[in-house]
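Letters are used for the chains, namely A, B and C, taken in the order the chains are written, and counting of residues starts over at 1 for each.
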């Protein structure tokens, strides 16, 4: 019995230690944000500021075009998610339900496309977007992000549709639906949680991108995304770490919130297609 | 309501042939059961009838209309699925009314028909629930309700009872039969369970490897099985098979079973052929009779009112027929036969017991073709 | 009631047409934004192009880019840096990821919260992760320098981003912190698919905790481990944002991976033909690795 409780104590102690160690950088980001700038240079560093600067978030929104950046990020994410979901819901359903000639090779290609290095694709996309005059426009990253998102969402949705019994649409067809009607009236409503999780996952992918935004939008200041904006703040002559940290928190917040919602679906999303 | 005519339907997937030349006429109002082991093609045929699968060749007529390549929704049939396939996002009421709504039936008519069907099935109090909140038995009723609300020309049922526990299954079986009597709608029912087939069917279609083995009413199926497969599949426990050559004894064709010579009531032309003799477990009796033999049972199972006695088959009588025991797709070893004794005296295993049978009860099959010899 | 178009597709003989119709939009879009650019980049890698313009005539075919590439010390340096980074980061991601997964997989109060926290860095955008570590490793006021001095590990502040070795270490630490939660999440899923009965049986047989880990847990995780390893390695191999923002590949190309080199050649030196050649080489590696992974994953998760 005694070793039992000792084991418990060791377990709790190690959990606390590991969590503290791994989560500390996030805590430090937060502390940096709410510390007065002069305290950041204090040695020894303060692990909790004397006077927390809670208004830092309001201030940074006032002083920097952060809201513009965030809304650009949101627009780009929304646009690429809508485009990606529109095509991958249909394609995922087809891959799940129909034995289409070439369907398997298409699935394999999409799976490989998940592994494409962005630094390779960004070069031809740059050339293509230059020819059609999209450089600097949000459309450039909407389309570029779709190349990241479609492979993920297609496989995630195929996997989700695979878990829904075929008898559901068979019943709907016997009840008088066309095959397309059975999908729209029965399968899609039943898949709502999976569709939502997939869309959120795509949102995170787009929101987290830096490479495409850096390449296509650097010269179009009004279209900067949040990630791009933050890196420009970091590049300034004297980095104001408090401001950068505060901005970073605002940028990370949406994806962290999504993560909290998405945790259950995470594994499915991360491995989607891998088990083929 | 309507009759159904299936003519020369086949189904192949690439080189795999799952349905070979299926033809059947079903009368208006008839209850037909397709039965067979898994993979025999019975469900495929049902899906072709429903329009959920395409036939590779052949035609299907429902009520005189050629529906071979017609959309499932235009065939005026209703289907009950093994897993019920209730729409999880709709209430029971909407589930049952879905088919009518798709056909543009006015809302008040739908309401009334749903209420009627719900009353028949005793599920009126469940109408506003979602399928998730129902028990297995209740879901099954909703699935039935969704079918009868439509008032279709035919019901197609794909193993509708196999997800229920044993007790509920027996109960629902009787209910479906009663429902059929009441509504009189042509019904095609697919099952792997011969008991369901025997108890519910007007006619049974028994299938194996994509081929129809026999089409007959339950009594005929039981008394005059067309071949070894049917004989072994119908009845529980299945028929015992003993192999023997036929020889001549004073002009009478005779076989040797358990070391006894048994005269057959059959034509003399059998002499010289190898045959398989079938004997149902319930036709073996305790004590002396027309043909009496002594054996040492290998195992005795008591079911209370009756006992199953497992007997070793003499080497010379063993068959090579790999047989599928009904219902559970389990193979029974060929060196064992079962005697089903009703209320026998207490007997212990290991002692010799006296058993007998009447040669009149024997079924004869050609050993090579496995077809019944009449 | 119904559209003629739907009515047709409902026929059993035509239903499979719908399968093609549903795939069509995805196929067209993928062809436009993935396949076509891929072909363009392969085409570019065989031309002497500075800035890619599609509305200009194609330059003559040449293999000069590849010849230059394979004889360039920069390329081999980048390959070496990439290899080092992939091995080191993957190794520590696994150590940390597997460790936290095993720890958090114990039953205790607050397990759900611990699981969330342990995997939290996964959700932090790479740019933000860079902000965090760039500040912690700041040469004048960074926390790490202060801690190291306090611990007596160093005498004076280290200028982390000016020393090749130090910069490489910072890149590694940032990537490990960002990358281990993925391993942890995957391992947790794998651990949860191991039946409890295995452990009970082992306990009955008298196996201690270490024996249970070596004989049950690790073998059962093998399939998941394999796939996760490939995915992590590919992530490190392809990653651009973390290194680019943190060090830009410097100092002295100490953190210049193939991805960084590709990007630099294309958008700093405007040698897009040459950059494409590097990109095609990385593409080949990625395709081979992803093919290795396919068919290896378990279907339990």
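Just so it is clear, a residue touches a chain if its C-beta (ideal position, glycine included) is under 8 Å from a C-beta of that chain, and two chains touch if they have at least 3 such contacts.
Just so we're clear, the structure is a prediction, and the values are computed from it rather than from any experiment.
Most remote from subunit C, judged by the distance between CA-atom centroids, is B. When the interfaces B-C and A-B are ranked by C-beta pairs in contact, the top one is A-B. One finds 15 Å separating the Cα centroids of subunit A and subunit C. Between the CA-based centres of subunit A and subunit B the separation comes to 55 Å, rounded to the whole angstrom.
Residues of subunit A in contact with two or more other chains: 173, 178, 181.
Shared interface positions of subunit C, i.e. residues touching 2 or more other chains, are given as 7, 10, 15.
Within subunit B, residues 51-52, 71-74, 103 each touch two or more of the remaining chains.
Residue ranges on subunit A touching subunit C, taken from their complex, read 8, 11-12, 14-15, 18-19, 22-23, 25-26, 28-29, 32, 40-41, 43-45, 83, 86-88, 90-91, 93-95, 97-100, 103, 106, 108-128, 130-131, 143-144, 146-147, 150, 154, 173, 178-181, 204, 207-208, 210-211, 214-215, 227, 230-231, 234, 241, 244-245, 248-249, 251-252, 255-256, 258-260, 263, 266-267, 270-271, 274-276. Within the complex, the subunit C residues that touch subunit B are 1, 7, 10-13, 15.
Within the complex formed with subunit A, the residues of subunit B that make contact are 47, 50-52, 71-74, 77-79, 81-83, 85-89, 98-99, 102-103, 146, 150. Per the touch definition, subunit A reaches subunit B in the complex via residues 165, 167-168, 170-178, 181, 186, 189-190, 192. Listed in rising order, the residues of subunit C touching subunit A in the complex are 2-3, 6-7, 9-10, 15-16, 18-20, 22-23, 25-27, 29-30, 33-34, 36-38, 40-41, 44, 51-55, 96, 99-100, 103-104, 106, 108, 110, 114-136, 138, 140-141, 143, 146, 150, 177, 180, 182, 185-186, 189, 227, 231, 234, 237-238, 240-241, 244-245, 259-260, 262-263, 266-267, 272, 275-276, 279-280, 282-283, 286-287, 289-291, 293-295, 297-299, 301.
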